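Both complexes shown next keep chain A, but they swap its partner, so chain B is in the first and chain C is in the second.
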Partner chain A sequence: MSKPLEVLLLDDEPIVGKRLKPAIEKIGCVVEVFEDPIKAVERMDQKSFDILVTDIRMEGMDGLQVLDHVQKNSPRTKVIMITGYAKMDLAREAMGQGVFDFIAKPFRPDDLRKIILKAAKALGVPMDFPSQDYESTEP
Partner chain B sequence: MSDPIEQKTTATHVADSKEIPLIQGPSMSIRVKVTISFSLFFILSAIIIGWSYGILTKLEHKIEFLEISGKYMVEIQQARRFEKNYLLYSTNLDDALTSLKKADAIVTSNSDKIEKILSQTHYTTMVSYMEKYHNQLLLVSRVENNRNRELLVPQLRKFGSQMVDFGSELVQKEQNSVKRMFLLARRIPLYFMSALFILMTFVLFFLMRQLIVTLKRFMDYTVRIGEGDFSPILWKRKYRDEFSQLAEAFNHMTRELDHNRQVIVESQKLRAIGTLVAGVAHELNNPLNNTLLTASMLTEDFKTLSDEEKLEMVDDIVNETERSRLIVKNLLDFAREGETQRTLLEVDKIVRESTRLVANQVKLAKVNLIVKSEKDLPLIYGDQQKLKQVFVNLILNALDALETRGTGGDISINVKHGDRPDRVFITVHDNGPGIPEDIQDRIFDPFFTTKALNKGTGLGLSVSRGIIVKLGGKIRLDSAPGKGTTFIISLPTSGGGKLI
Partner chain C sequence: MPIIIISADARETEEGIAEKVAEAMGYTLLSPEIMAEIGTKNHLDPEQLCNELEATPHLFQKLLSCQWRHDLACIEGEVLERMLADNIVCQGLCAHLYVLGVSHAMKVRILSGDDRAAANQGLLEKTKRDRVVQCRQRKKWSMAAYGNDETDLSRYDLVINLGQIDPDEAVKTITHAAAFRKFQVMTYSIKCLANLALSARVTAVLLETMSDIRVESNDGSVVIFGKASNRNKLSKITKIKELAGKVKGVNFVEVHVKRNINPIS
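Let's look at the complex of A and B:
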């Protein structure tokens, strides 16, 4: 593995970032956490991330607007959406815009780690993580 | 199976006891009153007619008597004239006797009629005067010599004038009496008219007050019931009549209506809960997610974490669980079924709790919801569940209205002092498209809706108005196309202004 994956995590619930940052760092990613979508977008203008994990419903700017922005400025970024509940029309709309995957609240850290590993594979930088728990459950 | 029957009997029992004011007082139906009034008219007419019949009969007798006594007077005066001729010119005395006989015949043949008018004594006196004169006349006719005749003449004159004076005096008296009776007979219709007028005025006034005023009251009741005020009619009348029965029927009807309204209020609430649940479930996902993530990481890194970090994570779990509990509690408070429970409430608090219930709908619609409240608001006395139902309805309506104009929009709720110290005002304003004037009158009608077939039942505003009216308040609408919509609720305060 050459260079660690860079992940931007955006959720307006502070605990989400606080707990997920160490969880994702464990699988060898570099994680930046944001609670304010506007600040997150500003940061993404400065730097291109490999993976964006964002909540859909936030104050100020919602996940779809963030997605829109990222697709324009950094099309290679894989976007993972966190949804509060499976609103299918919204999900389908987002899928059409090229979302990598969805994850519904509440979820375990492992659920997100599995999706990130999948995204790494798709990016062409497969990660070998010490624990095989994450790989073995893949279908 | 016996339970429902038992409950029903108890319910009827309770219902009956509520009607006690209606049952009190003796029974006096309108039919009886009308019958009494008409009987009074009949009795009055019968008395007057009987009276005037009596007077006319008596008058007839008196006139008959006057005719008879007129003839009698002619005869006795004739007799006296013959007597005078005999004494002056020594003519025949038999003519006087003949006239006197005629007079006697008149009196004897009409004795019953005369006795009807004159008393027995007067009749006897009259006859005795006539007899005395007759006897004296016979004595005079029998004596031969002039000197003896001279002795009898003064007595004869005396008896004669006594007889004539008595007769003419009686006739005069009866003539006067007849005049008086004629006058009376002429006045009877006038008396009758006046008595009739007084009686009619009285009856009219009485029945008017009974019928018209009471009917008017019942019309007012129907208006009141139409507006959703189902409080029972309290009867203050002295007597029990058809109207008290009608009032009982009204009370029975309003009880049924009130019961039905409760059912509608509950079912409308269930629908609102259905709408809220999706949002609340979503809201619940945040603390649940936080708890799950924190607990998972705590397990995963248990060996490597410091005690402080562990403690912080456990605190997070406790706080997030508490947050979940509050969300569920808020919804359960709203959803809990039960009888209306009135307590002292802070309106602004109720409003804020209602906005929390719809917080997710508001967030999803990207609408700004602002609640402002003035300081030192008086408490109100109400049912917090029902009031929340009203505010939730109004906010959900506002969200629907804002949705039609695309995303975004503002809803502002103001809680402020009323125009009177015993009132609190709550205004719910949205800057949506407004309500067209032609449907503003129908907006509170049950089943009236502008929403799509499966979106609205048309009960939200009707139920809201029912709730507000039951709490003694009012709700009205101020809207114009393009200017948004404002609902203004006025609620009575608990102390009736005494708190201020």
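Let's look at the complex of A and C:
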């Protein structure tokens, strides 16, 4: 069995981390949750993560700045952006800067799990979790 | 991969470039040829459907206007649905006016430039005059149909003037730009497209029997805005909920009906 994917989840709203952490763990990932982008970046300097799931609008450092930091220090990490302020221009900007995927809040946990499975495949570590294994398990 | 929507100030230019781009990229070409299928599906005359993309009903032709809006919604619904399949080049279906906010839809405007053949025959001035008239008509139509001016070049992601760039170079430029990361498919943009497609399907169903309807969708939840007199308000809400609820993909309907002093709608 391959090593589980390491995921860092960054969102300044505590409820997001609280809800998404178990949802992502369900597909076998190891998840660390952060609400402060500065602390998240410090953690990423200590440890390399396979996937970063980050909000865009945050105090202190926004998601695009976090993305920039990750690309310089850990180019292998796949970055998934989640935002409640999705607009076409922002989506294009994020995509142009190299995010792996972009999703608007609110979304179903299953939507994020599908993106993580896609990212795992792109990382060369495909995860074997057919959709029906975890569908409809979340509110 | 992105959806490439091509429009031009002359139909033959639009068709020619779109065909070449589709061929170069190995994409499916979405063109007015699909009108026959749309017609069959919705019991409408394909010729009439093509005409709806050109002619604007007069302000006072209320009944014609209702039919026009319904037919446009049928076209929109089908085009947006097909775009969900991805790898599409679209022309001649006015998609540049209703595919809004979809980041992987790249909108290209082609300006025909001076017609060399016409110039050789001394017909350049006439061709220019014809094009100005055509542009005025398209502006009027696009404003009436979608509240957007299709001749406003700031609406497009890429504008190419064939007076300065050869058609083959234009095709290369378009295929090159389509590879930019900004235009790649993402979960958000697919959802935006699916929402637009659902809104168009619901709109088409509602406009069969009513007018003044606006529909917004999000992930199967549909919000419908309409107008009715106080007396008809409740029955209209019930009818809208019943009709919209039957559309495939709709799982929740919310209706907002404002008072309308016009008893026709």
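Note that the second predicted complex is superposed on the first by the 128 of 139 C-alpha atoms of A that agree within 3 Å, B and C clash if a C-alpha of one lies under 4 Å from a C-alpha of the other, contacts with A are read in each partner's own complex, and residues count from 1 in each chain.
The working rule: a contact is a pair of C-beta atoms (placed from the backbone, for glycine too) under 8 Å apart; a residue touches a chain by one contact, two chains touch by 3 or more.
For clarity, every value in this text was computed on a predicted model and none was experimentally measured.
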So, on chain A, is it clash or fit between chain B and chain C?
fit
Contact-wise, after the overlay, does A:Ile115 reach chain B, chain C, both or neither (first, second, both, neither)?
second
Touch test for A:Lys47: chain B only (first), chain C only (second), both, or neither?
neither
After superposing on chain A, what angle in degrees do the C-alpha centres of chain B and chain C form at the C-alpha centre of chain A, to the nearest 10?
60
Touching A:Arg57 in the superposition: chain B (first), chain C (second), both, neither?
first
Partner chain(s) touched by A:Gly98 [first = chain B, second = chain C, both, neither]
second
Touch check for A:Lys39: first (chain B), second (chain C), both, or neither?
neither
Would you sort A:Val16 into first (chain B), second (chain C), both or neither based on which partner it touches?
first
Based on the superposed arrangement, let me know which partner A:Gly84 touches: chain B (first), chain C (second), both, or neither?
first
Upon superposition of the two complexes, what minimum C-alpha distance (Å) separates chain B from chain C?
10
Do any residues of chain A touch both chain B and chain C, and if so, which are they?
104
Sites on chain B touched by chain A in the complex
278, 281-283, 285-286, 288-294, 296-297, 300-301, 316, 320, 363-364, 366
Which residues of chain C touch chain A once you look at their complex with the stated criterion?
101-103, 180-184, 186-189, 191-192
For the complex, give me every residue of chain A touching chain C.
86-88, 91-93, 95-96, 98-99, 101-104, 111, 114-115
List the residues on chain A that touch chain B in their complex, please.
13, 15-16, 19-20, 22-23, 57, 59, 62, 84-85, 104-110
